[in-house]
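Each of the two complexes below includes chain A, the first together with chain B, the second together with chain C.
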Partner chain A sequence: MANFDMSAHVRRINRQDRIATGVLVSIAAFVMLMLAAIVTYILVAGAPKLFDLNFLTGKPQQFKEGGGIGPELFNSFYLLVLTLLISVPLSLGAAIFLSQYAPDNAITAVAKTAIETLSSLPSVVVGLFGFLFFVLYMGWGFSIIAGAVALTMFNIPILVRVIQQALEDVPRSQRDAGLAMGLTRWETTIHVLLPAAMPAIVTGVVLSAGRVFGEAAALIFTAGQSAPVLDFTCLDFSSPSCPWNVFRPAETLAVHIWKINSEGVVPDLTAISNGTAAVLMVCILAFNILARVIGKYLERRLTSE
Partner chain B sequence: MALMAKARVERVGRGATGACIALVALLVVTLVAMVAGRGIATFTADGIDLGSFLTGTTWNPHQEDASGMPTVGALPMIAGSFSVTLLSTLFALPIAFGSAIFVVEVAPRFGRRVFQPLLELLVGIPSVVYGLIGLTIIVAWVRDAAAAMGQTITGFGIFSSAVVLAIMVLPTITSLSIDALAAVPHEYREGSYALGCTRWQTIWNVVLKSAAPSLMTAVILGMTRAFGEALAVQMVIGNAIQMPSGLFTPASTLTSVLTMGMGNEAMGTVYNDVLWSLALLLLAMSLVFIVIIHLIGHKGAAKHG
Partner chain C sequence: MTDFENEQGAAVRDAGAQVDEPMISIRDFNLWYGDFQALKGVTLDIPKNCATAFIGPSGCGKSTLLRTFNRMCDFVPTVRTEGAIEVAGRDIFSGDANELRVRVGMVFQHPNPFPMSIRDNILYGPRRMRRLGRAEADELVERCLRDAGLWDEVRDKLGQSGLGLSGGQQQRLCIARALATQPEVLLMDEPTSALDPISTALVEELMVQLARERTVVVVTHNMQQATRVADKTAFFYLGELVESGPTKQLFGNPVQQKTKDYLTGRFS
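Let's turn to the complex of A and B:
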């Protein structure tokens, strides 16, 4: 201790601090560069197909070149809409119950554990359950509806967490004011909490839509891996070529990429997978931007009123 | 009269939201029960020994071993799953922690406005797209790098899968770590600065230490995701069902064997039952991860509270 050189120590810890800051900044820069590289690569590699109308609307080919992704594109969006139609009300109800009503007892604990379990389950396990229960046991076959229910299970934990968080972020004083005015809990939730939480909820739903849109593992055994050619003039809801028939098999964009790569028989495999990946990427980017724009817009509208 | 109506609305609201959560819980319980029921059939109905299933190193369900039972040693896949999970976590960890520290401690404004939205985009990229990038870029890089060193390999294997998975779990670990670091009370940092510590000393000795349990949770959740990822891994691991002999030889994981095999085998055959046992193993592992997270939470609470 006698010859402890204070200024040398200070120099040393300051140097350490500068080095550490430098390392941290370069790590963050590396991550951003990597993301930029990935997104650019996908868009550039798929660019020739991305603006090709024949590719976007044409029907897929099994053994020939020049196949399109028309049915897959439609299936992806249709499946997304159906999934959201089922999962949003269900998650909204579950989240409202958990944040407003849930009694502090064993049943609530079980429900919370169930949602937590669902959130950490591999999506392939969710897909296999969907195959076992909806496809085989319920007899729905490989179908859009089986896929939508499987995706709902995949989506619920994400949505419940987002909505619950949004409801709990509303200042407590607003809820107390509602209750003090003689509103019931339900009325407070519907008329006070939900409007205040709406921007965050909508942002969360749109972001989750992006996740659902790109999911494939839960779908290969539920919505199936085949895309019947669709006839948009067909209104016979039991026909497999009727686009709106929920009991027809429906391959999505993400499943298409996986399938053609694991089969490997299409001659222009690389061009088609790159093109499909670019289409997926553009949609995901759109969902991300949309989520932010809508969230901002709702926030402005709701706070200016 | 009005009060009666209010009470009824309240009851209906409570009942409807309660039904949502009950339905979700019921689905999860059904999932666990059905997958477990199928998975156990291998051992109860087909009479395969659990020990030889877990420790057997040869997977060849269509061939019978000395005792007249199908050879279904799952150890190659179990080893493969754990190897890719651990290796990918190892790759992702320094980068994830580094970026989280950068966001919380070095550039909070930039972090919140630019870095975190980018991270969300990285989460949104579909896993098949990551698989495609792995297939077309990373596998080729690994092959070329080996060729430059005079080795001839395919590029498929545990190493390439771990790189792909590392990119995929990076945003998960990073955003949870950001939450963990941001939850450390500001007084802790101010106390450290008041004692004359540099920023790095504060981060290293105060922030990281007090956030350690939550950081552990972030890592485990990342591992859960890596363990359960199916399609991206299946596309780059090479799908050779043999004991992993090195990082650069084709291998397989529980998820890759499941996605490849499930479509090919009829329900009720021994091979199909064994696949369900693999699914049960996946399910059990994700339950184990949840238990670990809870144990960490309790330990952290005991230490701080």
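Let's turn to the complex of A and C:
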């Protein structure tokens, strides 16, 4: 202890701390800069089309310029809603089962591994599976429903993990409170755990919605690459122009970007592609902001009012 | 001298209580977590409408025994029991666990109100069992909150979330919630160890009042708390019940050397 130089030691650990701070700040700054550059580029390139109402609502053109993305915009949202309608209840059930009911045995271990594997499956594989099974074997053809089911397969693993995590993050004491009052597992789950986990669940669902909204590879082979002109007055559910018909093909925004860049022949394809990308990005940005706002709001309502 | 008088007073009161059947009777009870035996041959009577305190060093089995009374220990996967426990004359292991938990309420170390309004926290238990009219519900909420000494602080914000209250208030809300289903027994597992001194004093006062009309069993690591609130105290060590008796006698004149050593701080 006698020859230990305290002030040298303090100088050294302070220098280490300064270096670490510097390195971390520059890494963070680099990442932020890259992101900001991409976002700015997409927004600036797409700006002329982003605020053009004719572009946002008009129908796409095959050969001449001035085409819009009206049907694609509608298809993207419709497909998203259908996907969430299928995947949220399924994931909720699976997550509740896995976190509250599942006994610790080989079968649940296999189920958990299967979910993890499914979540790292490349989306093009999901798309090709959907093409072979739903489009061809089931005979649904290129259709919204085939796309929605494929996206569900793509979405479920992530949602199950998010919801399961949210349920497991509810403090143990809350669960004890329910059980000690003689509530069954079901009552505890529905009335205590789900409300407490709701902010995290809603945030997770909205964030996964952003992912689904921007997905292209899984849809190219399932929902197809054509966007029939939609007639919103048509209520004949078997007609391809009826917007609500789930058995019609439906190109989404992300697929539109892919298609127009790979086989588009319209003269203004760059402008259309840039505009579509900007619209897509604004929508996903909106989902992310929405997720935060709703999550915060629910959190506040839970603890204060 | 005063100690002696108090001792006699307690003995007389205890004799009065002995006329009734004990609220909880434990006979040669053993409990294992896997290979570890957490409770060894415990035999104890817990008198009706009194406060009973369990004391002892950490890991002595006092919380385990408390959690057996409402079968919360069932949730530990490897748990195994032997021996008999009766609450109000009924074997707790033969009936339905959820029905037992309605009759035996519990308050935990950390306040854990449900993520809902103060009013709904209290009404949740009763509403599961029967429909409540508006007036009846209002009256129940007020009575439970008054019994838990919280009414004056929250009467104007019954619609607000129970999670927005301070720690001490949350704990009293949990007590009010436990009272709402009118349990015969109220179990309290170190109910003040997460609270500040003022809240602790309020909750202790509450325990004394509550024990007039129902059976209260409290686990505490705080020996002073046991002397302040409990009529009867049981001392546990390494899974065994070392000694039990009227609180005044156990603290003033313990029979076992182990109890003396613990009370005088020889080990903890």
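One rule holds in what follows: the second predicted complex is superposed on the first by the 282 of 305 C-alpha atoms of A that agree within 3 Å, B and C clash if a C-alpha of one lies under 4 Å from a C-alpha of the other, contacts with A are read in each partner's own complex, and residues count from 1 in each chain.
Everything below uses one rule, namely that a contact is a pair of C-beta atoms (placed from the backbone, for glycine too) under 8 Å apart; a residue touches a chain by one contact, two chains touch by 3 or more.
Quick caveat, the model's predicted, so the values are computed rather than measured.
Residue contacts after overlaying the shared chain place A:E187 against chain B and chain C alike. Once chain A of one complex is fitted onto chain A of the other, the partner contacts of A:S239 are absent, as it touches neither chain B nor chain C. Contacts of A:T40 after superposition on the shared chain: neither chain B nor chain C is touched.
Contacts of A:N54 after superposition on the shared chain: neither chain B nor chain C is touched.
Looking at the shared chain after the overlay, A:D17 reaches chain B, while chain C stays out of its contact range. Residue contacts after overlaying the shared chain place A:L179 against chain C, while chain B stays out of touching range.
Taking chain A as the reference, the larger set of touched residues comes from B, when chain B and chain C are compared.
In the superposition on chain A, A:P195 makes contact with chain C only, not with chain B. On chain A, the surface patch touched by chain B in one complex and by chain C in the other comprises residues 184, 187. The part of chain A that touches chain B in the complex is made up of residues 13-14, 16-17, 20-21, 23-25, 27-28, 30-32, 34-35, 38-39, 41-42, 45, 89-94, 96-98, 100-102, 110-111, 114-118, 120-126, 128-129, 131-133, 136, 153, 156, 160, 184-187, 189-190, 207, 210-211, 213-217, 220-221, 225, 254-255, 257-258, 261-262, 270, 273-274, 277, 280-281, 284-285, 287-288, 292. By the touch criterion given at the top, residues 6-7, 9-10, 12-14, 16-25, 27-32, 34-35, 38, 94-95, 98-99, 101-103, 105-107, 115, 117-129, 131-133, 135-137, 167, 170, 174, 198-201, 203-204, 221, 224, 227-231, 234-235, 255, 258-260, 262-263, 267, 276, 279, 282-283, 286-287, 289-290 of chain B touch chain A in their complex. Across the complex, chain C is touched by residues 104, 171, 173-174, 176-184, 187, 191-192, 195-196, 301-305 of chain A.
For chain C in complex with chain A, the residues that touch the partner chain are 70, 72, 75, 77, 97-102, 105-106, 108, 110, 112-116, 124-125, 128, 159-161, 163-164, 174, 177-178, 181.
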